[in-house]
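The first chain written gets the first letter, and so on, giving A, B, C and D; residue counts start at 1 in each chain.
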Amino acid sequence: MCRWLAYSGESLHPSALVLDTAHSLVAQSLNSPLGAETVNGDGFGLGWYPMGAMGDGRAGVPALFRSIEPAWWDENLRELTQAIETELFFAHVRAAAGPPIQQTNCHPFRHGRWLFMHNGALAEFHRYRRDLMLELDPELFPLIRGTTDSEVLFHLALTLGLEQDPIAAVGRAIRRVEDAGRAHDVPQPMQGTVAVTDGATIWAFRYSSSGRSRSLFHSIDIPSLRELYPDFERLDTFGPTARVVVSEPLTDLPGAFVEVPEATAVIIGPGGDFRQEPFLAAA
Amino acid sequence: MCRWLAYSGESLHPSALVLDTAHSLVAQSLNSPLGAETVNGDGFGLGWYPMGAMGDGRAGVPALFRSIEPAWWDENLRELTQAIETELFFAHVRAAAGPPIQQTNCHPFRHGRWLFMHNGALAEFHRYRRDLMLELDPELFPLIRGTTDSEVLFHLALTLGLEQDPIAAVGRAIRRVEDAGRAHDVPQPMQGTVAVTDGATIWAFRYSSSGRSRSLFHSIDIPSLRELYPDFERLDTFGPTARVVVSEPLTDLPGAFVEVPEATAVIIGPGGDFRQEPFLAAA
Amino acid sequence: MCRWLAYSGESLHPSALVLDTAHSLVAQSLNSPLGAETVNGDGFGLGWYPMGAMGDGRAGVPALFRSIEPAWWDENLRELTQAIETELFFAHVRAAAGPPIQQTNCHPFRHGRWLFMHNGALAEFHRYRRDLMLELDPELFPLIRGTTDSEVLFHLALTLGLEQDPIAAVGRAIRRVEDAGRAHDVPQPMQGTVAVTDGATIWAFRYSSSGRSRSLFHSIDIPSLRELYPDFERLDTFGPTARVVVSEPLTDLPGAFVEVPEATAVIIGPGGDFRQEPFLAAA
Amino acid sequence: MCRWLAYSGESLHPSALVLDTAHSLVAQSLNSPLGAETVNGDGFGLGWYPMGAMGDGRAGVPALFRSIEPAWWDENLRELTQAIETELFFAHVRAAAGPPIQQTNCHPFRHGRWLFMHNGALAEFHRYRRDLMLELDPELFPLIRGTTDSEVLFHLALTLGLEQDPIAAVGRAIRRVEDAGRAHDVPQPMQGTVAVTDGATIWAFRYSSSGRSRSLFHSIDIPSLRELYPDFERLDTFGPTARVVVSEPLTDLPGAFVEVPEATAVIIGPGGDFRQEPFLAAA
């Protein structure tokens, strides 16, 4: 229902990816060729780990900037993404499936040093929202501030151990969604792509109960990209460990972006460490 | 935490009470002498039963206009309250105690033909929010769209029979709040004034667990007011059955407004029918 | 750059045209097949002449509701257009060409009992904005509150006699725009469709300096439409004098909407009076 | 009509002054004891010179974050002022005197590397707004995006040489305001305090035609403040060259803030350089 982008690498102005590429996230907010919806104009969010003389960078708590204005004209978004620098950020543009348009429904969601975002939907969520809410750690229950399925999914993963083992916990949370949905006659409840980070590592997931998830891509490593396109000056913006996971390619350069397979987890660690592994065989 | 106003009587532009009196609700949004907070700038709402050639008036479903802009400068609020006419409306300006400022947290709340609004707070609500949510009719659970204590209180009253017997149901809901709060070591959970309507009758309540509720007043009947102030031309705006219940007096005219006693319900029916009765002895 | 709709006829909830048709104005805000832009998500406005027991209807001052939220999710717009009734209204969804997204840039614009709205642009307006501002009646100069070309065009028409002779004044204003533009090497300054009303009559114009204006359509008369589609129940919503002028057809019914020719004025008076006449031969 | 704060010194999170002091600027937005208005809830703005590995700091173009939400609850303002660091920033909370509440009316205003903000008003500005607009450099005329007197005053100062000699240019601009006002029978047109910066030096002015300006204070130097309050730990936040100019004191510490006299310019250069000089004898 949305588009998102996760970046890890050398310190960068987020505008380089959010505003300045051919199919930047802001461009996708107005026109996303691969999206379930063409327009993603129902709010946006940016979560980043601040850098700077006093900043703790990746070790600290992320900052959030979320707004219900369409990303394509929000002047504060332009200003901010050009002014700040960060080694790791999440950005998200929303196409609401129904829940109200309000700041508390904008991704990414934050808990301590963790960020979470989601593209997709829990099918017929209203039927089993209450069931999932009851499974939340009672300490986490009052922290739910919006009405999205995504925020509940995040807190369910937190309840099930996200901070200890992100891949296992997201897997368990999705299985709980599938159980709850099926108990209410929703055969294929989970749909989407999910990203979480603790500020050091990004975990991205592509999975749906039906086996036909929203699109997801990762960029290839920058040294290989430079070999492919030695004359492409814009690549100078990016350091050697820069990596992006994103709902659809940010450029038309053949080979620059690779599709993440269905039922797959992508892990991007510090220093450009990158790997993929199978994630939940379709249920 | 807020200020509210409920009107029943002859058809009227709401601006007459919301904008045009000395201490109109919009004036109170910037400066409310009797309020727990001076400034009520965290959004507002208007709920009204539309009139007109095709309108069903009091028999129909109310319309809502809610915004997170401060009431004192919202141009749409000025336009709207001067353009529409109605025989019954609720208006509310908010001073948030903590929950986010978003349209879904603005009063009045609506369910079918019912409206509800609240000034006050459920003390330390986060401690027993989950407990109260679990007591909601599961059909009503997914209709909670915001994060306020007030919206939960409304849906609890709906669960407990608001549509059949409003006074009994609001009383039961408050007792449930008190039970839930005390189970979590909150000795005096309920605080405030509440108004509900089905479009024909207004029920207003002043009650707090501590016996010291937010202020509440009702206007005296218009014929008596005219006798007191025969030369006051502004009274020509109001028909003989007009009545207001409001957090604090709208004018400085001595005798125009009468304080509603602690632990009291006020009932204003069609045609100017007015009565008061005791409501829940302090627990 | 935008889409607009003007209605005159029997009293109506604007939602019938703004929300409830296949290609309603709100649907066009997300997807306008004939528009210069696909998405018109940069604010909207509604101007109407209130009805009701106390209302003066067509004789009075119009009310405005304008917002920078995308029309497709603004809940207040839904509520309002379903609650009010009016015999004449203007509605507009905006796709900004550059000026900031702010309420004062949302159409329609109002002056006394007049409303004005525009789809299109004055090419390279920044080059001759100052010149046109200096031609405004100095009394009107301080009333300019936004930054759009459209608001200046409206006040220029007011300066040149809009309230006395709308067709002549709009014509003179467009000629002044063309003169001013050409003095700054802009060969084809005027582009667009314009609507003005005094609350009784609607004047709509399709004209551009290049002779290739934004699209404009009018509905055929309701009795003829009923003959064409005797079984189409939705037509029962509309009285015999109902007429719409709109940027693109609201339905796919063949024959229901007729294109307004280039360089043409459409006049819709009270009681269904309808005529077209040539307007400014292309310069 | 507003409250503002200008900081120069060691790199700092703006939250230290905007959020975290007893009478922080955000606290003043809800309650400003010395203000012409108690509530400054009609938008706010932050302008800062970004720091960081790639940042040019004081040498670069400032970033702006402006919003029409009341400062006291804007979550993005909290996030942002805690996340960024800067050696020089302007912050402003607005109490609108009349012009619409919109982002383009929020201070500070920017031109190239310059920022400008204002507390006060040009009396009866609508009478001579046109005259002043005509005196603007025609290149600057189309850059006016809002409707405030302050934005016109800034562009008038730019027209009159702000970038070459700020003190002389602001003086000339104020004299032009006084001439224009008096030509329209406004005897005391200028009122207020003004701050401008090029990113290296701050120039602050207190002046009104009547000789009774809005309040203005500057902090004393940090080493002296530490001598006065050796045990006040919060002072550790501030480096030895930190200086603030602000509409009213940020703390109740006696001696920490000194009033700027009427008709005075304050100049704060890099490295803590500080001086005051007379500015325009009252006219």
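Operating definition for what follows: contacts are C-beta pairs under 8 Å (C-beta built on N, C-alpha and C of every residue); 3 or more make two chains touch, one makes a residue touch a chain.
Here the structure is a predicted model, which is why all the values come from computation and not from measurement.
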Practice task
Treat touching chains as neighbours and tell me the shortest step distance from subunit B to subunit D.
Solution key: 1
Handout entry: Same-interface partner of C-D, chosen from the options B-C, A-B or B-D, over half of the pairs matching
Key = A-B
Exercise for the section: Looking only at C-beta pairs in contact, point me to the busier pair out of A-D and A-C. Expected result: A-D
Exercise for the section: Mind checking the centre-to-centre distance between subunit A and subunit C? Centres are C-alpha means, answer in whole Å. Expected result: 41
Problem - Of all residues in subunit C, the ones touching two or more other chains - result: 75, 100, 103
Exercise for the section: Assign the assembly's chain-to-chain touch graph to one of these shapes: line, ring, star, complete, other. Expected result: complete
Fill in the blank from the handout: Touching subunit C in the complex, subunit D uses residues 99-100, 102-104, 126, 129-130, 133-134, 138, 141-142, 144-145, 147
Problem - Interface residues, subunit B side, partner subunit D - complex - result: 30-31, 38-39, 41-42, 68-70, 72-73, 75, 96, 100-101
Completion exercise
The answer for subunit B against subunit C in the complex is residues 11, 13, 48, 50-55, 63-67, 75-76, 79-80, 82-85, 103
